[in-house]
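One structure, as structure tokens, below. Some questions next.
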Amino acid sequence: MNDSTPTATTAAEPEAAAPAPVDRSVAILVWVSQRGVFLFTATLIVFASVFVNGFASFVNLTDVFYRAAPIGIVAVGMTFVVISGNYLDLSVVAQVATSAVILIAVSNEYGIFPAVLAALLVAAVYGLVNGIAVGYFKANAVIVTLSTTYIGLGILRWLSGGSIFFGPEDGPIRALGQVEVLGLPLSAVVLVVMALLLAFMLDRTNFGFTIRAFGSNNEATRLAGVNTSRVVVGAFLLTSVAAMVAGFVLAAFSNTAVSTMADGFDFGALAAIIIGGTSVFGGRGSILRTLLGVIFVSVLTNVLVLSGVGFGWQQMAIGLLIVVAVSLDTIARKVATS
Amino acid sequence: MRTTRRTLATTGFLLAAGLVVAGCGSDGDSTDTGSAEAGGEGSSYDVYALLPQGTDQPYGTTYLPPMEEEAEAQNIGLTITNSQYDADRQASDCQVAVAAQPDLIILWPAVGDTVRPCLEAADAAGIPVTVTNSDVNPEDKDLTAGYSGPDTYGQGASSAEIMCELADGEEIGILVVNGLTGNSTAINRRDGFVETVEADCPNVSILAEQPGDWNKDTSQTVTSEMLTSVGADNVQGIYAADDTMVAGAIDALKARDIDPEPLHITSIGNTELGNPLVISGELDGTVFQSSSWDGRNAVVVAGQVLNGEEVTEDLFMPSVKVTSENAEDPEVAPEW
Amino acid sequence: MTEPQTLSLGDTAATDRAGRLRAVLSRRTEGRAVVLLAVVFVMALALEPLVFTAYEVTLGRVALIGLVALGLTAVILMGELDLSVASTLAVSGVVMASVPNIYAGIAAALVVGLLIGAVNAFFVVKIGINSFIATLGMLFVLRGLAFVLSGEQPVRLTNIEAGIAFGRPLVGPVSPRILLFVLVFIALQVFVTRMRVGREFYAVGGNRQAARDAGIPVDRRVFTGFMISGFVASLAGVINTLELTAADPTAGGTVLLASFAAAIIGGVALKGGRGSIVGTLLGALSLGTIEVGLTLSGVQVDIQQVFIGGVLLIAVITDPASLREATANFRLFRRREPEVQS
């Protein structure tokens, strides 16, 4: 994981008996907070495998992946926007639905290839509009993406008339939705591949490095001569591409598409990113963390449904998680630097 | 100064954009300032329709065109609002409507418990109100002039009756997939289904219920999880609040290599997704909800009231049960 | 010996009344909101004058959007965010409807709002979590709580007559909702501009460290701000529930983002330290008038959404700071090539 490591703690000399235990507990706390999401996920999985009937079955694990894939693909793409310090991209709700509708509606009439091209074009438009407004005009991302969501959903509903589109039962989209690789659904594979690609971009390319630097300190990065506006556009374009792929995955899974399909993807993806430990301030975080955050939220929701818990409690659980996860992280960080 | 120039440019742009949009937007719908349509001899009425959905949902999408056609045939100028199931928004839309002083208001309540203030305001202004799709509460009915529509509670009850018939006295366990949490159609259908099952066939027990949010993919995932939770062997039936969700539930069964045919599966809607499933035998029964009947008759009843006719009876959309026996009949051909 | 020349720079150079007025006005942040409102009014006058003749309806819509926005402004001025207002509205409504006695119910609901504000502030101040995340978490938690408390169904008021009476016009055609909105506006405007505690909100938002160094109890101010936001949101929930005679646990869906939009249009900076209550009022007036006007004109809902989104986008891009940035960034981008060559 690529985030900054506080180095002070483990270097304490064990002179007096009194300071030593404090330093060790601080070290443990920091260690826990850094790997928090990983520990939480592992603990939850172990706990569920033992106590929740049916959790550890192959069928159920496939269901967890079905839950995780579409929103996970969006989340790993949106991580770039969050790390760059721009909070989030609300328009993914419109983008995912638009991409799904385009895939099914256009391929029904003209075939898959034109559908994919059309979806790419739409993704490019979203990414550019959002990116230019936030990167060049320095407008607040929350409001910009809110406005593009309104515009995007309005146009989608107007053009699609709000209808549900169905792919033919024996069509190629349906077939793709059924593909399994080593028993796992194709969507899970897509998620992992995208995560790997994006992780590579974030950690090993200049672009990724710039995003992180920009997120940590905008002014310094800009003064260093980097064209930060272009970088922000890139971050939003990546999110748009990820949203497009997520729309395809969602359409393939159900072989249907409708404008309300992706409701809740905006805050849902953000919740996963935050629980994973990426900071909303920008600069710290990684794709792996987001992936873990997504898996954690998916496993948790899955466990809650398996246990027969109602929707209201599910929402409360996720909200409490967000707060607890970030609280622990913040407290540990504070204690470490005190 | 540059700032002043920029401000003027922005102002000009906004003005131009606004004029374009206003021009675009009002082409499709007649406004209350619009003149009478072709065939201007008959008097034309202005009517406001307060709806909680429109082209943002598939049902609303096929509800609107027949409504607009009937309005044009009756020489009625129709203004349509969409509060997207937000009760506060609909209350505000109602205030706007009352202020516009139309000849009649067609109301499709977003939340039945919250429309009395709207009804009273219209009553005070002397504007008659007819209700479509979801009826108001019994104690508010005397403030309305007529009702047409399906009975969402009754649809749930009809689907339950099919389920009871299929269960035939056996002790069976079923799963329930509900609509979007908090949505009034979802609440009514659920209540209709659950209460009818409890009253008519208590041998049927509900093992688990989860919301499918009217989505096929969500429904597929939660059905699969419920099957895991209660054990697939214990489930002999599934009820979903609409055809889109039941298709997802059936896909969940197929993905686990469970044949849907022996199971008792019912839903509501008889849509383009559901009807073929009944014909193929995977879906055992659904309830026909004709959105075009709904839209058209909303205006028919409104027209009756406007022309001074006494409307004493509720005009109920027949909740036609669609099973393998009648699925291929042309009268129950799916519309959406 | 000649008289010493005094250099007059900036505002001090403007000694005549017009000059001083210009100096004061240029510092105001509501410029764009005024322009937008003027444009909206002109268009409404031309295309749909019913918006003005039925002003109580328009004001009612403005009050719906604007009440929560006003409370939110108090928090934004300090550089924080409160996303939980939508769920606070819903939970307060449910609490109020669940209590049989209507006055006790209203009191309980308002207390709940204050409590939620305090909890939010606790996380932000004592634990040190970013307010965006903390209130996002609370948004989920409170929404879930509203569903759990209400059994996922609307909760009817025990005393329906009181609710209906509340919805009726009180002063002329003006309803209690609008009156309460005006009261809250006046209260907050006075608080933020004339009371020391309120004015310190700007300092906290502008530069928190400097505010602390200046002796302002920043933590206490943040608590106050969040409690104001929570209280106003619960007040909105109470008003909604009274007017509708039932509490809907899904309420507040559209309020959250519309309130932010009103504040941003009004010139309130999300970073804090800049903006005003008046600005938010102007933003809410613009949005409310646009919405009512579009509905009365019979514009399709989808097109309405596109239009409002477009207005919001243009408004946020044409913020003077944004425009300055844009020209700088574009110029920088273009100038870069020639520099590299030499």
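A, B and C are the chain letters, set down in written order, and residue numbers restart from 1 in every chain.
The rule is short, and it goes like this: contacts are C-beta pairs under 8 Å (C-beta built on N, C-alpha and C of every residue); 3 or more make two chains touch, one makes a residue touch a chain.
Every value quoted in this text rests on a predicted model; they were computed, and no experiment measured them.
Novice: Counting C-beta pairs in contact, does A-B beat B-C or the other way around?
Specialist: B-C
Novice: Taking mean CA positions as centres, which chain lies farthest from chain C?
Specialist: Greatest centre separation from chain C goes to chain B.
Novice: So the centre of each chain is just the mean of its C-alpha atoms; given that, what is the distance between chain A and chain C in Å?
Specialist: Roughly 29 Å separates the two chain centres.
Novice: For chain B and chain C, what's the span in angstrom between their mean Cα positions?
Specialist: Inter-chain centre distance comes to 34 Å.
Novice: Going through chain C residue by residue, note those that touch at least 2 other chains and give them in order.
Specialist: In chain C, the residues touching two or more other chains are 147, 152, 300, 302-304, 306, 310, 323.
Novice: Taking each residue of chain A in turn, which ones touch at least two of the other chains?
Specialist: In chain A, 157-158, 311-312 touch at least two other chains.
Novice: Please list all residues of chain B that touch 2 or more other chains.
Specialist: Where chain B meets two or more other chains at a single residue, that happens at 54-56, 181.
Novice: Hey, which residues of chain B end up touching chain A in the complex?
Specialist: It is residues 54-58, 60-62, 181, 208, 210-211, 213-217, 220-222, 224-226, 228-229, 231, 244, 247-248, 251, 255-256, 272-273, 336 of chain B that touch chain A.
Novice: Hey, which residues of chain C end up touching chain A in the complex?
Specialist: On the chain C side, the touching residues are 123, 127-130, 132-134, 136-148, 152, 257, 260-261, 264, 270, 300, 302-306, 308-310, 312-313, 316-317, 319, 321-323, 325-326, 329-330, 332-333, 336.
Novice: Inside the complex, what are the residues of chain C that reach chain B?
Specialist: So the residues of chain C touching chain B come out as 31-32, 35-36, 38-40, 42-43, 47, 50, 53-54, 56-57, 60-61, 64, 147, 152-154, 156, 160, 163-164, 167, 240, 243-246, 248-251, 253-255, 292, 294-304, 306-307, 310-311, 314, 318, 320, 323.
Novice: Over in the complex, which chain A residues touch chain C? Could you list them?
Specialist: 87, 133, 135-140, 142-144, 146-155, 157-158, 227, 229-230, 267, 270-271, 274, 279-281, 310-323, 326-327, 330-331, 334
Novice: Of all residues in chain A, which touch chain B in the complex?
Specialist: 53-55, 57, 59-60, 62-63, 66-67, 70, 157-158, 160-164, 166, 250, 253-256, 258-261, 263, 302, 305-308, 311-312
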